[in-house]
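Okay, so subunit A shows up in both of these, paired with subunit B first and subunit C after.
== the complex of A and B ==
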């Protein structure tokens, strides 16, 4: 199962850390967490994937849904530190070509 | 009536059958090519080219059809009984409904609930009906309606309904059922086993209808398609998804949705940048040409230059491979700041432009299609309009917004089921195959469906299938799908090709009529050569049908594939108008319930066929009179054409029995219901005959 850490750092960036398996069962809780963040006024979000051991396309779908919500609020969603297993899932759908992972959650909004 | 389950064959028997089939396929191909080559090279009557050339083209069309059929049969794959199901996967059963009677949907829902393998049952109620919600609650099945995100956005019919439900559920596998397809309790036990292959995305089972008499006057059953044709396609890993009675792996669909999203966004952003550059360049030029009526012309010109620079930069970055989401994000922020500067400069004189822009934003944000299929013409139109400078800024913003990564015009960024066609299933399946997934066809009836019971509903349904298939061919031509294997491309193409038969049918009607009336022969001579080459081809062709059908009735399908020629022609013309000219498909709304008997018969529906029959019969009589009374024409030519006329008449006669058909009357035998010992009486209300489009096989045949 997946655990979800959500915090807002000192620059006002929301940091979401899914631990464990981000799959069709847990995707919805990620989607809800991202929605809540944006609705509560945090429009810049980074999803730190360093502790995500497994991800499927439903997990990617939740990320895209979060990206949509964030962008519509004038912000952005970025990802950081995907593991090789997770990177493979990005590559299968070409998502790696359009969504660039950042090296760390802290530096995700540096550019 | 009944249909047997999978035919039990030993591996040796199956292998022997396949050898036999291949021998006949080769024979058919050799004899067919021999005949048609001879026709082109030696026997076209060029003097009467206006009928001779269409005829030889029609014959070539039929040869290609026959070759594609042979290719389909080459690797006929009989999977036999399904492997045992994995013990612990999660399954959602989806029953798609739009406006069918609640009782009919609940009948399916009860049967779905009674499916043995553990699962959850959901009614996908696109009608959002309170009584349906209550019925679902009472029955203890889930009820799903569109989320608020769909308000004022393209609904995409059944594909949209399924896409909405996909995000509301989480089972690893989905069983998709039309509202009138009552599943048997073993349907999951007999299909899930195929998914032990991790690349297996889809298992399709037959659609078979209980309210159809043995004679099948409307050609509802498709025993050849749901049988050898699907098995043949399966052999090439191209078994089709047909919209209902199929189990799908969620991961495959979601992957399709995500990769589709990426593709659409890429295409859309590139297009917006290209068009945006044209608009701004145009505005910049007009600013130079005419002295601006506004005071801030210089500032506006500078802003436009900045935008042009940013567009160029964004395009260069994309070309360099910079991640698209980063490029669009930066681009939008820069555009936003330029815009703020302009607004801050108090350009109130330009307010009137903003009103026009608001309209345009509406236009850009509400494409009826998915973004990547936004009509280039619409964008062109935007570019061609005369724009004042701030208007240009706003238009670029509007366009970039419309095609930005959030896909604001759609209810969901992820649309796993394809929405490019009225038949979502074929396009979806083709994309799954493109991604490298596998599909299987399991030849066992595991659901009992209801077919249309009147000729009008039947014809509307066939038209929609055909239109959907042709739409896919025009929008995503399978021959150009580089990630499909060549046989896979041909399997999809074969189905599309078969719908061209409408045009060939016209020629096949015209040729004998013209000979019998005017004595004009499209071939140079009806010689021994002609018979020696043609007859063996026709015989092996029928032999192939006979062998692969293996006792299944094929005649009705053969009749309808010619007799519905006006429907096939209309499907091409209307889909062409839709895809290339932006027209609506313009089909009559499918009648929801069987037409009440009003005494009259809807002969007007088959007018073209009746006219054709009249022409054929009349020309037959005249030809005979010409021969016997006036000694005009050769006896051989006349008798051959009379035979041809008779054959056509027998084919077309099917429309007469179709029009005269009064709906299904069970002949005393109870309709077997799953999970019920006692036969259930037929619903007393007029039987709903609404059907959803599935692709493929028209009046059957290939």
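== the complex of A and C ==
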């Protein structure tokens, strides 16, 4: 089971926090949440993965799709604080350069 | 009597179509299945009756994929009320067959087995009646409208099971036929693989073949699982296969992978998917391996002395960045070495996913040969109920062999 918190902070950055397992079932709702944010005009998004205990290829797919959508809208999608299990997925797929882990959701758009 | 002839030929035509539909769905084997038994148990409880069956009419016999309160022995078709329910093509409710001139002469009625009968036709996608869900009792009964409504809901469920199952099984057979049909036994080498989809079909595949002394192999994993992933996986496999000639002739794998990725880009983009792929060409004379890793990352060489080396790839998956490129890497397999490539479904099954090469390496080290290694993975997947597709490809260069040279 996964819970998903979505908020927009004071700088207008969308912060999405998936809690639990990010798999084929829950990836759908993450994807929808990211789409909704971009469609509603929030083009800079941080996905805070500190409480994501597991991520499979569908979860990764949702992040990549969100990244593409955000960039097409002129923004970006960044990730923060991935757990070791999630970091492994980024490393194996060599996507740790494309989605470089940031130290916090707050600092994710500092550069 | 032209009118009669027309009616009869229409009936004959309908029965022929029906029989063909039954055969097309592969329902002519008299195999009992729990998923049909389950529905019949509910139907039996719903009416509080002696028995319920899912009945399929196969030529002149009635067979029972599911039954509760009946042992499922096939019966002559003409002896059954389901025959009538099939030809009526609508819900048939018989409160008391012993008082119904349509049925009172049937053996099954005169012998006292059936008085009450209710049967709902089950149709395929084209509307052909391919089966019947029925319930019956030795005592006469008048079902309530609520019971009949619930019964029709059960019939819809049975219909989906009957039709969907055949589609899934057919898809699985096709997908299996896209995998190598046997291990390769070569001079000084053996190659084998295993692909276990979590659902009926999946997005994983592996492939291998030899020509001109070069082994060409690949393993791919399309995002997700199930039918969508399988459709894309078949495309990825075909695209990689098309590079076989050039790869075995010495062509650069980085360049061919880049071209494959370009070709697949639009398909992956539109379906919102991506694919991780490992592909290699192994020179069977000297053990040189040229490879390209598109984000798979799960490649291990277990040396003859038992030590493990990860082959860390640098490439990203196909379908992530539109202008991405891939590079060929090179390593060697010495006599006694084993190359093991697998999909992330296997990661789920090992204890330490962060240091996966240790449990996987140990598993390889403990296996006497390739067949027992694959059997071990198979057992692991079954024991843990794999949630994702599990695919493994193994290349073993035999100890003491100097290859085909």
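Just a few scattered comments:
Please note the rule applied: the second predicted complex is superposed on the first by the 111 of 111 C-alpha atoms of A that agree within 3 Å, B and C clash if a C-alpha of one lies under 4 Å from a C-alpha of the other, contacts with A are read in each partner's own complex, and residues count from 1 in each chain.
Everything that follows uses one rule, which is that contacts are C-beta pairs under 8 Å (C-beta built on N, C-alpha and C of every residue); 3 or more make two chains touch, one makes a residue touch a chain.
Bear in mind the structure is a predicted one, so any value in this text is a computation, not a measurement.
Looking at the shared chain after the overlay, A:95 reaches both subunit B and subunit C. When both complexes are overlaid on chain A, the residue A:57 reaches subunit B and subunit C alike.
When the shared chain is aligned, no partner comes close enough to touch A:104: not subunit B, not subunit C.
Of the two partner chains, subunit C is the only one that A:84 touches; subunit B does not reach it.
Applying the stated contact rule after C-alpha superposition, one finds that A:65 touches each of subunit B and subunit C. When the two complexes are laid over each other on chain A, subunit A has residues 24, 56-58, 60-61, 64-65, 92-95, 98 in contact with both subunit B and subunit C.
By the touch rule above, subunit A contacts subunit C in their complex via residues 23-24, 31, 56-58, 60-61, 64-65, 84-85, 88-89, 91-95, 98. Residues 167, 170-172, 250-251, 254-255, 257-259, 261-263, 265-266, 321, 323-326, 329, 404-408, 412-414 of subunit B are the ones touching subunit A in the complex. Of all residues in subunit C, those touching subunit A in their complex are 221, 223-225, 272-274, 276, 295-298, 313-317, 320-321, 344, 353-354, 356, 387-388. Taken in their complex, subunit A has these residues touching subunit B: 24-25, 27-28, 56-58, 60-61, 64-65, 67-68, 71-72, 76, 92-95, 97-100, 111.
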